[in-house]
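One structure coming up, written as structure tokens, with questions to follow.
Chains: A, B, C and D, in written order; residue numbering restarts at 1 for each.
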Amino acid sequence: MKRILYFLICMLSIISFSHIEKNINVYSKAMKKNIPVTVVLPDDYNENNKYSTIYALHGWSGSNRNYVEKVSIGKLADMYGVIYVCPDGGYDSWYVDSEINKKSKYETFVAKELVDYIENNYFTYKDYKQRAITGLSMGGFGAFYVSINNPKTFGAIGSMSGGFDIEYFKLNWGITKYIDSNFEKYNIKDLATKLIFCGSKIIFDCGTSDFFIEANRELHNKLVKLNVPHDYIEREGSHSWVYWANSIKYQTLFFVNNFESNKK
Amino acid sequence: MKRILYFLICMLSIISFSHIEKNINVYSKAMKKNIPVTVVLPDDYNENNKYSTIYALHGWSGSNRNYVEKVSIGKLADMYGVIYVCPDGGYDSWYVDSEINKKSKYETFVAKELVDYIENNYFTYKDYKQRAITGLSMGGFGAFYVSINNPKTFGAIGSMSGGFDIEYFKLNWGITKYIDSNFEKYNIKDLATKLIFCGSKIIFDCGTSDFFIEANRELHNKLVKLNVPHDYIEREGSHSWVYWANSIKYQTLFFVNNFESNKK
Amino acid sequence: MKRILYFLICMLSIISFSHIEKNINVYSKAMKKNIPVTVVLPDDYNENNKYSTIYALHGWSGSNRNYVEKVSIGKLADMYGVIYVCPDGGYDSWYVDSEINKKSKYETFVAKELVDYIENNYFTYKDYKQRAITGLSMGGFGAFYVSINNPKTFGAIGSMSGGFDIEYFKLNWGITKYIDSNFEKYNIKDLATKLIFCGSKIIFDCGTSDFFIEANRELHNKLVKLNVPHDYIEREGSHSWVYWANSIKYQTLFFVNNFESNKK
Amino acid sequence: MKRILYFLICMLSIISFSHIEKNINVYSKAMKKNIPVTVVLPDDYNENNKYSTIYALHGWSGSNRNYVEKVSIGKLADMYGVIYVCPDGGYDSWYVDSEINKKSKYETFVAKELVDYIENNYFTYKDYKQRAITGLSMGGFGAFYVSINNPKTFGAIGSMSGGFDIEYFKLNWGITKYIDSNFEKYNIKDLATKLIFCGSKIIFDCGTSDFFIEANRELHNKLVKLNVPHDYIEREGSHSWVYWANSIKYQTLFFVNNFESNKK
């Protein structure tokens, strides 16, 4: 009997269930334009339930399609029953409200407009402790930057191979089109003290062959000295999708554990 | 219809399925005595399948019952479909074949006798790449020590809050009852070069408030300089079951990912 | 018979073949004047073939004649079948488009005007991966500076005894006639992040008795930390033609290997 | 006419010429056994000429066939007109006259017996300045160790990814089967002062992802402090044949330049 039921379940999970990918546009008042967003719903998504959300920010030159195309977040959504929200962050916006390019306001979009839209249109918890944000490279910077400047918006903050030291790399990846002064307001190491008592859990990682490894080590060392709780991981790897396809599994586990412990 | 089936599945998974815990004795020829071992089988365990195994070594003053009593490894066994094997490693054996106490031969027991017994009595893969070993504190030391001295026995090696630098801590935890000279044959940092080309994946972690943190950092830095691939995690936490209950989830994810990639 | 043929070949290679040296003027629109350029063609140069090119920049107070007069680049051209292009870079232009002396625009000349001229007038590949640039002292700085500011122009970048840290040496060699502010836009160490993902291979060397040795070490260490692939060589030697006559052989080997691997 | 001759030459070089590979046995009196040796002669090899020789030592677990099978030394022999001599150095002899295993006397074999044999049986120069030695990994150690202990035997000494710090790695690669005490007589860093006024040119290199990188950096720094002339190269790469296939080209260029300058 048990065997038959188990078989039935397996069949069902293959036939009936699988995550749902939605490609939508979310209007940004701040930027007066539609922003493409990919939302990944878990296979069991239904109105009788409430779901935690993980916002995943792409890297430089990427798009809202990156995580669904290059990383199996659909499987992770199913496995853990969470929603992923993947906004388009522009080619090189660095997820800031730019003082230079006044039309680029991705900080506002991600932290306010997008969160509002998602929670009004999907069956989510309305509690910031059931919301997490992460990102890779430029998106890792973005996840930290947006969270630091918008406390009590994301209950957990992650970064994969994050470009934390934006000033050091200012010649690259279009940074100076959006930020060209007051770097101390943007370098995550300079903002690190704001993570004291921030109320959010923190996880970040970097590959030992990545050009961002020293910037990540620097932030880790600073947070250790400040006794700011955080998970820090170094592993073999470079700045690549192979690395991120692995990393996202651990980041998701971290976020889900945090969601669970906050439900109790 | 789908809703009903889903409900059915949920009910079933609660009622019908759950991991099986076996408390057995495994005879050690080397030590001429029975060693208590707790084996945790996943809920779907059956003869038509083969299973990967995770050997989990307890810490000083612990027992084979630690992991099932203090950490939810049963849930992890179900979630990932793996077998956990938790041997009793004695009160303070440090998992070595002691040169002082000739009756204490836990290295031989774990690496040879126990692995043989498990693979002859359970539906396991017979491939070392489908075997992992980890441990906490004394057991973290043990997992590394046993693996280093028995190449191609465990395809992945883990440690949680490992007491790697056994010489530095020799006044504690009964160490000198088993090891009191030739510490360079026991300190993991001194054995680190043997991890070059060892063919096993490596993960270790430590809490930033743990007395073993510097020993772990030292090993990490040494392996970075030697370019030996490994995952290294630092996170908030002390030498406690709260820490290990969290850590074991990430270690298991690491092992399962490795099992999967070795099946391809 | 074979012996006779071999003798014949040897004779022929001495008598009939040898590289061709062309001393030409290339008009620079940017500077509104003719720039002397020495082009060295390999002995087998003919219209049925295509050739890779190595641009070689001279040092302070030098001229386009330096490489043919003081270094056996003719033999290297024959040996490897490549074209060397040796422009006159002015007495102390530092190969920049000067913000002070508006008439001095050697960056534009080398990266754009000269490359265009050469590829329109000689049987060269039209692919940047078949183009390399190197230089000595001021020219080593120039090769890096010009390449960094003109991505996808040279597939390999070299420097011999390069004066990388232009700010540190600003009292010397006429530097402040061309650059006297914004040194962070000129110091190669400050530009180093632009070498991430630059798509060009990198080689540089310096003599251990050279006044530029520390500047070279600093750049090497920085690139190691950034995980930017590069060949770095230290060898006995000072800032002299003896050193460069040796170094150019290794740089050429590096470029030729790169040309070959890019033809596959 | 010139075109025709050129064509003729090309044809001839394809048809008539190519390096000759000889697999011979050389009897070692010291070890009372035949040692397999692969000798690579350049295409123009003939009795009217004299040839310089490059001895190339393989790594741990390798054989005399390694260089001909995994690296294009035949082409290099043709290109530069030199002879390569590749002895079998045992599975893990470390090229020493072992104090432990009295039957293992590879230092004597390489430095005395093999050189004697080669110079009595091939058309070589009889001058140590026309002899070079290099090796990879264990062989890099061997090349330095043998040269240091046999002055005026090799006019140039090379190492690729050399395992210089034999004590640090003593747990690996069978080292303690041959050396288990007096490591200060074997560590190259401890022997470094013997390279002062040694009369031989020195070149060594290592990949930045190699486990031997720190040992190579240590030797380089020591030689810099001693003002012992040497070429030192770091480049991207690990402990692999891809790395050595590249490295051997530069090492050979170095040796050939040295041969040439010593002929003048």
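One rule holds in what follows: contacts are C-beta pairs under 8 Å (C-beta built on N, C-alpha and C of every residue); 3 or more make two chains touch, one makes a residue touch a chain.
Just so it is clear, the structure is predicted and the values come from calculations on it, not from any experiment.
Chemist: Comparing A-C against A-B, which pair counts more contacting C-beta pairs?
Modeler: Result: the pair with more contacts is A-B.
Chemist: What's the call on subunit B versus subunit D, same or different interface residues, using the half cut on shared numbers?
Modeler: different
Chemist: Taking the mean of the CA coordinates per chain, how far is subunit A from subunit D in Å?
Modeler: 53
Chemist: Which whole number of Å gives the spacing of the CA centres of subunit A and subunit C?
Modeler: For subunit A versus subunit C, the centre distance works out to 44 Å.
Chemist: How far is the middle of subunit A from the middle of subunit B, if each middle is the mean of its Cα atoms, in Å?
Modeler: 32
Chemist: Two-or-more-chain contact residues of subunit B, please, as numbers and ranges.
Modeler: none
Chemist: Are the chains arranged, by touching, as a line, ring, star, complete graph, or other?
Modeler: Shape = ring; chains linked end to end, path closes on itself.
Chemist: Report the complete set of touching chain pairs.
Modeler: A-B, A-C, B-D, C-D
Chemist: Contact residues on subunit D for subunit C in the complex?
Modeler: 2-3, 5-6, 9, 12, 16, 44, 46, 208, 220, 224, 229-236, 246, 249-250, 253, 257
Chemist: Spell out the part of subunit A that touches subunit C in their complex, as residue ranges.
Modeler: 168-169, 171-172, 209-211, 213-214, 238
Chemist: Going by the contact rule at the top, pick out the subunit B residues touching subunit D in the complex.
Modeler: Interface residues on subunit B, with respect to subunit D: 190-191, 193-194, 196, 225-228.
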